[in-house]
Each structure stands twice: as structure tokens, then as C-alpha cells.
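Chain lettering (A, B, C and D) follows the sequence in which the chains are written, and residue indices restart at 1 in each chain.
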């Protein structure tokens, strides 16, 4: 099955055609497709007249980007300092266990991608898990099941 | 509409305030990220729908204001009712009808929603009397939580953009820089470089083009003040940037903001659009002929981009690899042009300094660290949240008076400041005044203002390991000492934490740290060993315990601890179902047993045990 | 104003290849003889040898082809000097020189070309027949426009 | 011209010159791996760090990477101060943990008395020392075919998407500049392979000897204004042609003289 990435040109055209826009274009494409397909890199490079190698380099340098498809649901466990102190490691391990993947991986059925992030800036509610952009604060190990259910 | 002069600005201010005077009550629903996560959106919608249905006779209620963060995130969602200052915590949608009935139509206070002081178990009606707020002095956060962030008129109503007008029409660029210099304002992003001197250097460099950049990347884990300021008072940031731009002669500015802060991005974006609409940004600002544009650059997750040269490369759309700088970025910055780079909190102080004068500002704080500082007080502290105190306030005042002490009354062990570049301060430093120089001297640093409180259940070796692992992950990989050195340093700490430590490892770590500090290209590396060095400095015993006795007194380092069920066990089976590794066996109403071979020390059992029946030692 | 010019006169060349030796030893690399920058080649007629060496072209293809600006004109000697430390050995100049006078010293993995020995060409020095000479010539000052 | 002191000796240098170049000119041996004249200084390996002070900064000294520190009048430089030597030792020790088999690293480390790393060897270490010269030279030449991939300890150099790089012309500058010979290529007949991309080398019309790749020649013709026919023959053929032309002229001359 070949996925169509027909929205890419439209996303690119919404930005100023300037190398400054590269990261933001990639962010928007990532948001749309949850990863950066090869076409995204090629089309961005062509539109902004920057070498493909530079686009690729940026897509691997910045943590936001993924070059492999991600699951339908993105679970991000905050492992910032405040969360760490309040036990985020246990939460992450619990989720890894439940999903049978490691942080940074996607389940085989493409349902979930689990990730650790270095602070989402809601430290007062540590430990924190972000499920599909929704913040869940004061998460407990025992509450992980619920997180997956109420995605 | 376009505002052309001060009179029009003041007219608008008057108009908005008069309109507001019609209202007898004002409901404020905190919509900072913390409260939103706790369900503030539902509260807001509920208020809007109930209020639109109900005609509230005689009592006009100002449309519910969606504000930025109040700071008291742990108690969210928060609802405040002005003018009384009635402060409701942990509000649920079903409470909304009651609030409207009792506190808006009536003047009653709903007991059950009030904040309970955990120390005294007293309930407090107005937030002004809650110690968390009463000990603070809110300057940078002056508008955060008080005005609707998405409405420029609200900002104008509280006197917004008048400082800009004053700067543009009544002051020369030199006078502005002089005023900032005299105020003693130091950069709030970490290093504490005097803002006035930075601006002066930038203005003095011969160049046709100059830039002003606002660093809103806030990469320090455990810090979120810039996020709250941008979410809650975006116009204040823009006004500060515009004054800086006029002072140094820049016509183009950038705000570099983390993508992880979608609300901040949205609010800043909206604020820029409104400014342009009102003639407060763009060409010919306020009819003065001065032009300034601001673009948003979204960061994509790289801590190293907090470093000025890396940030500038990232703004230009490249990877954030720092440039070795014997020429400072204020002289040769973005696109090799002189560039003023300050962070959010620095900029938001600027309009006040221009408006109220440098003397007023310099009188706050200490002589060498003037003004206030916003901290995110988090970790094992009772009241977590965002606070602002005058420089020079002691750590003790912050943690005990504002923070309400340590969670669950456990003993205080350390407080971490300055993020991954900072360090941990022990109990003996509790009376240290918090200012740039005292913190540095004590082996930590101000950083952007994260303050993470740790209790006796926090292992200092683990903390050092945590920060090093963070830095290994975030190092750009350009220079050898940072890329290879931090990696090896992390390996050594892991070795110690896993009980494989040997005599001499501490010395080896210290020696390696010295080379990393001396040799690294940018601040990430040169300050990278700080968390390790400061914990070794103040908690050497704990390291030696790990190395010699193979013990972790905090019960954190897995390889050195054992979980065991004690006699308090009632046989409730809770831990058995919680254990993902099937390491616990036992029958109902019988003391359970942990199979040490299967136990991974994940802590899931401890978390569910209500009897405190699992010992960790 | 006096300057020098490297003059090749094949008519006088006997093909003795002393120039090659002189060049090779002058440009030794780590004590070992380097690649000669000068080649006496068969001129196509009986007893005619042509010592082929860099012409130090006015608009030099080697310099144009060099993407790292390693080949520049030495204002003192007038030679197109190749900066060994700057050269990245991409062979662009070797391929681009229409006279084949940028050379690859495969032995030492270096790209080399004639640099007039910095103003005292050894080949001319040692040429027994004056087929190679480095002569002072008078340049009449042109009236500057 | 500026005058500075290096290891107690007064030295002259050009304004704007970097310290390392001046130090090297004095035949003082200090290690460095990421510096090359063809590209901008980078400051990644930190081996060329020296200690500097100035009469104007009494009691102050600092450590700077000499490859990108511009000379200053009156600067007092010490290239082998004890702290600097200690730093180089640590750096080489660290580099050895990643690239234990790289001869360059071995040799430099040995000079500083390090024969084996005192750290844990990096599990997937190799000879790449991440000096970035290959990427920088490729950028400098205008191709931008390869780049740094990833970041931090896991950083590596690779073509985009790990596929044959579309912008590569096969000039080999990256492989040539690599100080540890980590970048591999093969030339077999008139086929060249580098970064997984295959190139056809132009064969000399006369000798059949391979010269540069077609892509590289096309680039040079297009962007550097070099006639295409120049690339049809190799240097030996060019020389022979020159000899033949000059031979003809000389023959006329000879005949005339007779």
C-alpha cells in the first residue's frame, strides 16, 4: 500500500519560501502524517532550494521529527526533572511493559508510539503523560491502564 | 483600528476600563497549561453556557476571562472571582452552577471549594491571603493570570504599550539603554549578563542590519516560567522586544519558541497579529516612523538551542550546532549581524523599567541582582507552581513559606536549581539568598529558574545520573569533550549507581569533569558536569556509600535495593495484580512474598500498597 | 621595472632530463624525491625534445576548476601556486588543465604543479644547454588609464 | 602585523590570522584533527587548545582553541602548559575509546603517553572521529551531498536517507580529506563507487585512462566555465599534445635558423 502524501505541497506553500521556514514546514508535515516521509524531505528541499542533505540532517537532529511512521496514538511520558523526582521512570517502564515496546518505538499494530520527552513545562503536575496532545497530570503506575483506555 | 498617538492609546484604555466598570463581578478561569490539563476548558465552557442561559439581574458579570497561569497549578482548575479575590481550587464542571448562584449572584463563599492550608487545615477565602501568593512579589507575572491573554484591549486597559510610546517618543535609544543599564537588569535566561551592556554593545557595532531575538526555548527540564509568561502575557513580551529593538536599532525580531508549547505559540502569534492590526507593530509604529517586525521560529526539540549561537543557527533553519565564539553573538549573531538575544522573562521586565523608571526597579532585590525572579517550584514540595520573589529571597523562604514545606513532611535533602547546567544545594544552604552570584558561588546557578525540591527519598547519585543522561541525549555531538566526555561521565555514574563503583572512580569523574569544563565548545558542555560536581561536593558520603557499602540510602538505585513485604501486610492482593513481572505471590489475608529473582524493583507494588507494607532497603 | 620570465627553448633541448631530476629533488617529500613538474617529451621530429611545463596561464583553468581556492597567483613570482595544505585532491585541476601540467603525485598522494621554485627554478639552474632559462626582462611601465 | 609571544619567543603574525597557523609555522607540534585550510575553522576536536594571557589581563589566563582564535597584539601563548597537556591527554583518551583502531588517534595519543583508553570502549565505535571535515569540504565545494546525521554520541556522517546521495559528484574530496581514512571508495576500471553511488569515470580519448567522473566534469563546465573538451583527455595526453604543438613550432624555428 502506498500512502499518498498529497497535502505536502499545500503545507509547504503556507510558509514563506525561505530556508528559515524549513523546520516549521517539517513540523507541520510531521503533525499531519506523524512522521516525515521521504517525499517531505525532498519536496521541502526543492521548494526552499536547500540541499537534501541539510533537510535530512535537521530531520535527524531535532527530536520532534521521526523518519519512520508512528502509531495512531502518541504517548509521551515526560521525564523532566520534576517528573523524574516524582517517579516518571516507573510510569515509563509500566507503559513499556504494557505495550511491550521501548520508548521511541511503535507497537506492531501501529496503534501506539511511546516516547519519553524532556519536559513539557507542566512540572507542577508531575509526573505527567501526554496522550495525543492531552495532558494527564499526577499519573500513578496504577493509572497507566486507564491512560491507554481513555486515549 | 490603528493607534497613531498616545491620546488614542489612552482613549482606548479609558474606553475599555469604563466598559469594565459596568461589571460588578469578574470570573477568572485559569487556562494555563496546568489547569487545562486538569480540565479547565470544561469549566470555562460550562461557565459560558450557564451564564448565557441565565440572566443575572442587577449583577453584570464580565465575560469569563480566559487567563494565563496563576502558578498554583497543583490546585487546578482554578477559578477566581474578583473583586473579592475568592479563590476556588479543583473546580469541577458541576460546581459551576453553584459558583454562579452563591458567589456571583450572591456574595457567599463556597466552603468546599476553598483552598485548605495543609499546615493549619484552615480554609482561605481570598487568594491574597494564601501564603503561596502572599509571599510573592509579582512583577514579571504582573498580568499573568489577571488579564485575558488573547485580547490586546485587556493589555491596553492595564496600561500596556504606554512604555513603548514613551520609549519611542520621549526617549532616545541611548537614554533607553542607559535606563536599562541603571536598572541593573540581568539576563534571566541563565548567565545573568547585564542586559544594558548587551544592548549597548549591539548598538555600538557598525552594521546596517541588527536583530532582536527572544529566547523562549526554555529547554531546562523542570522550568516553565517562560511558557506561562508567553501564555498569559504575550503582549508584555512583545512590548519589551519592541523597546529593545528601538534602543539598538533593529527592525526585525524573532521569537524562538518550543513547539512543545502549543498554547504559547498560539497566543504569541495572535498577539503579533493584533499588534499589527492596531498599528503597534510593523511599519510606522504609533505614528513614529519606527518599524519593527517579529517572526516566530518554532524550536523542534533541542536543548542545545538554548545556547545563543545554536539558537541563531536554528532560527536560520539549520541544525543547532553551536559556533565556537571568540566573537560574541551580540557583535556577530544571526546571519552574522549584531543581535540582541534575551529571554522571555528579561523582555517582560523592560516595559516596567521604562514605565516606572530604573530607580524603582533597582530598589527591588539585591544591589547586584535587581528585580524579581520567577521560579517554577516543583518536586517534593507541598505547593508546586510558578512563583515570583525579589532577588535575594532565601531558599528557605521559597520552599517553606511559599512552597509550604516538603511533601508528606519528609526531611528536606536538596534543591536543584539551574537545570542541567546547575547544581544541587544541601540543607546547609537553605538560608542562601537566591541571586545570580550567590548561587554560582555555591556551585549551582540561577539558570532560567527551575527549582526542584528533593526529599530523603531522592538519591543524589541518581539525580546526577539523570542530568548526565539528559545531557548525553541533548549534546549536539560537535566537540569531543562534550560528546565523548559526558558519555563516559554518565557511564561512570551508572557504574557507581549499579554498585560496580571502585575506589578512585570519584576522583576519575572529577578529573574528567575538569577537562569537560575546560575543553567544551559551548555552555552545554562547560556547565554539563555541574550537577555531578555539586552533588559530589555536598553529598560525597552518599557516593562513597554506593561505592564502598553498595548501598543506596534513598532506596532508588535498583541494583542496590531489595523490596520486601513486612508484617503490616493485610493480604489484600493489590500488589500481586500490580506486579507486571508476577514476582509477588500470596493468598488473600496472608502476608505476601516477593520473589527476588523476578522482582525488577519497578516500585509498582509500593505505589499500590495502602498499608505501607513493602520495605525498600 | 625588472621581472623574470621562464623561457623554454625546445630547439636547445637535448632530452637529457636533468631538469626532471632537478625538479624531483627540489620538490622532495619527506626526504624522498617528489614527482617532477617538468617533462621533456618527444617533439615529433628527429632530435626534437619539448620540456613540457606549466605555462602559468593568464586565465588558468586549474585555478578556475579549484573549488577550494587552493591555486592562486603568486604576486612575486607570477606563478600559479598550489597550496598543498588547502588542496583536497579532488583532481579537478588535473582534469581541467588543457596542457596537463597539474599533476597527481600518486606516490605521495599529492597534487603538484610548477611553482617556479619560488623564484629560482632549479630546472633552469641545472639545464646544461640553456633550453630552460629564467631571464630578467624589462617591463615597460604602461601608462595607467 | 602583530607581535605575540609563543612559548617565550617573540613571533610575528598577520592580522586576522588564527593562532594555530602561527604556532604551526614555528614548528611547534600540537595535535589537531578538525582543522584544514580548505574549510573554515570548526573547533570540534579541542586538541589545539592553548593557554593564553595578556599583559593587560594581569593574573588572568584562559584556554582557547587556537584554530579559531585570532592573533592579538601582545598575546602571551603557552602551547604546552600543564593544564593544556592534561586536557589533551583526556581528549585523546576519550577519542581512543571511540576509535581505538584509528592510526591517527593512536599516534597522537601515544605522543601524550596514552596507549590504551582508560575509559569504557564505545560499543559501536569506529574510525570516524566526527571531525566534520568531509561534510565541510563537501559544503565548501558547493555539493552538500553528505551531512551530519543525528546528534550527540550517536551522531554520524551519512548521505541523505542513507541512500546514494543525489548531489554527490564523486570528487572524492571527502575521502581524501578524512584524517582517519574512514570514508571508503573503490575505483575499478572506469567505475567509481562512493557513498553507495556508482559513477562512470571519463576515459581519455587517446589512452583510455580514467580521469574524473562525468558528473564532476559537467559541474566544472557548467559552474566554472571550463570547456567540456578539456575533460576528454587525461593529463598525459594533454602534455603530449602540447609537446607536439610546441615541437612543430620549434621545428619551423629550427628550419628557419638553418
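Operating definition for what follows: contacts are C-beta pairs under 8 Å (C-beta built on N, C-alpha and C of every residue); 3 or more make two chains touch, one makes a residue touch a chain.
Every value quoted in this text rests on a predicted model; they were computed, and no experiment measured them.
A.B. asks: Tally the contacting C-beta pairs at the C-D interface and at the B-D interface, and name the larger one.
C.D. replies: Spelling it out, more C-beta pairs touch across C-D than across the other pair.
A.B. asks: Where the centre means the average of the CA atoms, what chain is farthest from chain D?
C.D. replies: B
A.B. asks: Between chain B and chain C, what is the gap in Å from one C-alpha centre to the other?
C.D. replies: Those two chain centres are 67 Å apart.
A.B. asks: Nearest whole angstrom, what separates the Cα centre of chain C from the Cα centre of chain D?
C.D. replies: One centre to the other, that is 25 Å.
A.B. asks: List the centre-to-centre spacing of chain B and chain D in whole Å, with centres computed as mean CA coordinates.
C.D. replies: 44
A.B. asks: Round to the nearest whole Å and give the separation of the Cα centres of chain A and chain C.
C.D. replies: 60
A.B. asks: Going through chain C residue by residue, note those that touch at least 2 other chains and give them in order.
C.D. replies: None at all.
A.B. asks: Out of chain A, which residues touch more than one other chain, so two or more?
C.D. replies: 54, 57, 61, in rising order.
A.B. asks: Among all residues of chain B, which ones touch two or more of the remaining chains?
C.D. replies: 302, 319, 473-474, 476
A.B. asks: State which pairs of chains touch, listing all of them.
C.D. replies: Touch list across chains, by label: A-B, A-D, B-D, C-D.
A.B. asks: Touching chain B in the complex: which residues of chain A?
C.D. replies: 18-24, 26-27, 48, 50, 54, 57-58, 61-65, 79-87, 90, 93-94, 97-98, 117-126, 128, 133-137, 140-142
A.B. asks: List the residues on chain B that touch chain D in their complex, please.
C.D. replies: Against chain D, the touching part of chain B is residues 302, 304, 319, 321, 324, 326, 472-481, 483-485, 487-488, 491, 508, 511-512, 515, 518-521.
A.B. asks: For chain D, which residues are in contact with chain B within the complex?
C.D. replies: 41-47, 49, 63-65, 68-70, 83, 86-87, 90-91, 94-95, 97-98, 118-120, 122, 130, 132, 148, 150-155
A.B. asks: For chain C, which residues are in contact with chain D within the complex?
C.D. replies: Interface residues on the chain C side: 8-11, 39, 41-45, 48, 50, 52, 61, 64-65, 67-68, 70, 83, 85-92, 94-104, 109.
A.B. asks: Which part of chain B faces chain A closely enough to touch in the complex?
C.D. replies: Where chain B meets chain A, its residues are 33-34, 36-38, 72-74, 76, 218-224, 227, 258-262, 295, 297-303, 314-320, 376, 378-380, 384-386, 416, 419, 450, 452, 454, 458, 463, 466-467, 470, 473-474, 476, 578, 580, 600, 602-604, 607-608.
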